[in-house]
Amino acid sequence: MSTQKSNLEILPRSVQIALAVGLIALAAFPFAGTEFYIQMVTRMMIMAIFAMSLDLLQGVTGLVSLGHAVYFGLAGYALAFLTPQGEALSLWWSLPVAVLASGLAALVIGFFVVRTQGIYFIMVTMAFAQMVFYLFFDNKVLGGSDGLYINFKPSAEVAGWVPFDLDNKLTLYYFTLGAMLLVYAFLRRLLWSPFGRALAGIRVNEHRMRAMGFGTIGYKLAAFALAGALAGLAGYLWGTQTGYINPELMGFHMSAHALMMVILGGMGNFAGAIVGAFAFEYVLHVFKDLPQLGSVNLGKHWQLWMGLFIVLVVTFAPRGLLGLLGRVKRLGKNKAVSHE
Amino acid sequence: MSEALLSAKNLTKRFGGLAAVNEVSVAIWRNQIHAVIGPNGAGKSTLTHLLSGDLPATSGTVTLGRRDVTGWSPEKISRQGLGRSYQKTNIFLPFSVWENVRLASQSRAPHASRWLSRAITFEAINARAERALELCGLQDRKNSIAGTISHGEQRQLEIAMTLATGPKVLLLDEPLAGMGALEAERMVALLQSIKKDHGILLIEHDMDAVFALADQLTVMVNGQVIASGTPAEIRADAGVQAAYLGEEQT
Amino acid sequence: MDLANFLIQLLNSVQYGLLLFMLAAGLTLIFGIMGVVNLAHGSFYMLGAYLAWSLSAQWGSLSLAIIGGAALSVLFGVVLEWLLFRHFYKRDHLDQVLLTFGLIYVFEELRSILWGDDVHGVAIPDLLSASIPLTDNLSYPVYRLFISGVCIALALGLYLLISKTRLGMKIRAGAFNRDMAESLGVNIKRIHAVVFAMGVALAAVAGMIAAPISSVYPNMGSQVLIMSFVVVVIGGIGSVRGALISAMLVGLVDTFGKVLLPQMAGMLVYMLMAAVLLWKPEGLFKQ
């Protein structure tokens, strides 16, 4: 459906260095930041995982899903349902179960959705997402419009020994950082595996892939399910951090935010998704925090600024920050594989 | 090898009331180049789409080896041993030349869905891709981006990708399209060299190339076969001369 | 279910379906002819509803408000197309999705700034406020019939426009082959502006005439947006006929579903969509 654009798959040296610096900064940050900002950055890292999962689908495979947040929210709901009333849940089995639940949901919905092409795909992912949204919104049994509370954070206890406590904001920060790095490493590996190469081929020219003998529907379904599972990981962490899950987390607004994050940073290499998630969350934070100007509370109208921001970015910088960097890099050099 | 590698019997494709392909039968044998010629709009490309599974036939059958592949999807037919190249260059423009053929070769790997190993370490896949590149003379352009190489080289890449899937039968739709004299010569030599061990259905307008390459000729006009035989027979056929060849022989 | 109840539900289905058609027709035309997906289409519906409320409050008459509102939305559509949308016809669907998503936010906030966040009612004009008695204690509101009537009239008008007028011919030519139409002298840019403005106006008028029964509230566009997308998917993108049949189908399934299977009510339409997609992945009447 999309054009035959390629992505900045091999990161130029400058970007690699910038990422390394960023990693060091993230590792050291808690020592310099206040609790408020530690929580904020934890949230950004959770969104980064969410954005990376979408990047697999969108940036690599070329499938634009407006319903990706469903799998994000479902894992959070799984955590909420699994957590008993009076005590904490074990992290070690609840995390895999929640991730699996999201992956399975993605497999089921994906089965209907991957046989559609182009604009249909966008519309049906949106429709199914809203279906799940209303399923939870309308049913008190599932929490209804009020959502569900998670009273106890998952416990890391193993046979009496508690290696770490997720209630501690610092611990949760590093746990999330570790998860984000693992997901990044996994996805980068995947990108260069035969499976990842096939997905990229599907994005560039699905017709030729089929003519060469690839069962593209199967590949797309696998990517869809995997992306859903990873979104579930992010959702589980969100539930762990905030202790609260509501249907809004599954709606198409949330999905569109994720799309924005991926596009903001630059698609197809997962580093862009991380950068985009941080940038998006930061911009959102800035807009919501705008001061009073005379009689008008600018922060209250954050949706207006956000909307204008999105419109401007899409109009003038559609391939995001890393894309701009890549273009600058290319001026003069003619490296074979570093291209946009 | 007493049976055809690929055979179509009474293939028909109707679009509404119009029969783009009308009761066409054609067979391709090993070590043979079977050319299909005819004026524009004769239905040659449509015939190719029917054979490769890109279009479903209205009636008739397609047999690949011993299997009836009528109505099969393109990927299934490809895996049965059919490869095709396109009239309009249909490659992966943003990828390198090497990645184009490597991906084509990967389509045949049994463990193609292994997720965590780096793709470039699969020896068998790489070997087949290398061979395809060598056959088509593109080894020197390995690292160039497919979108930046010349038109003639892109047409060569088309063929290389088709070869890299290791097919028994090749459907080549105007491989010489848009080529200059030198490039066309090279392509003809390439096709001569791959004739061995393959069966080739060739659609072409370049009559010099056709008569240099073809062992069998089928002439199509308005969706129907009006003549089929050896090049000498076709040349002598009055009906063909009237309908088509007359204008071409300059 | 007895006859009277059945009749009521049937009439409700038709009315709901026809309203959905007004939105779906615009969506499918805009996509079929210009290749643009527009998530902000629901915002036009909301715009119409708020216009109906504020204009009828100012001028004292709903009918005047609808006429005035329709004119304003056509103008709005023309400006929006010229300013923004026409630059996105050749862009990726992804870019279009994000652009129009950003617009949803912008429109919601503009609405909040212009008209506030309260819920409002719009009075049904006296002329149409009667009810037709069906049994001893059941009656059907005339206004709902009026809604259906207006939609049918507009649908007919749309059909006549597209199939019987020169403008319609140009629209169809432009949809079929843009370059050829241009070389034959059709002013494609104007056609696009006309089609876009028509889509906006249809959505806005739908919002206007529905306002008295649905009331006017923030974010009212989202529900109807999703439903119109479902209608377009089931009907087949680009097909107005498909949108009509699909809208009727969705109206029936949704309305009767809510009555007969209330626990599954919200899901039924999506199950319908899933079933259609399994059978025909490109909609019932793919162009």
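Chains here go by letter, A, B and C, matching the order in which they are written, and residues are numbered from 1 within each.
FYI, a contact is a pair of C-beta atoms (placed from the backbone, for glycine too) under 8 Å apart; a residue touches a chain by one contact, two chains touch by 3 or more.
From a predicted model like this one, the values you see are computed outputs, not experimental measurements.
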> Comparing centres built from CA atoms, which chain ends up most distant from chain C?
Replying inline: B
>> Report the chain ID whose CA centroid sits closest to the centroid of the full protein CA set.
In response: A
> Taking each chain's centre as its mean C-alpha position, how far apart are chain B and chain C in Å?
Replying inline: 48
> Taking each chain's centre as the mean of its CA atoms, how far is chain A from chain B in angstrom?
Replying inline: 43
> What whole-number Å value describes the gap between the mean CA coordinates of chain A and chain C?
Replying inline: 33
> Residues of chain C that touch two or more other chains: which are they?
Replying inline: none
> What part of chain B is in contact with chain A in the complex they form?
Replying inline: 52, 54, 73-75, 78-79, 83-84, 90-96, 99, 102-104, 106-109, 111-120, 122, 125, 143-145, 161, 165
> Which residues of chain C touch chain A in the complex?
Replying inline: 31, 37, 39, 84, 87, 91-95, 97-99, 101-110, 112-113, 226, 229-230, 232-233, 237, 266-267, 270, 273-274, 277-278, 281-283
> So in the complex, which bits of chain A are touching chain C?
Replying inline: 1-3, 58, 64, 66, 112-113, 115-120, 122-124, 126-128, 130-131, 134-135, 138, 252, 256, 259-260, 263, 301, 303-304, 306-311, 314-315, 318
>> Could you list, by residue number, the parts of chain A that touch chain B in their complex?
In response: 4-6, 189-190, 192-198, 200-201, 204-205, 207-216, 222, 336-337, 339
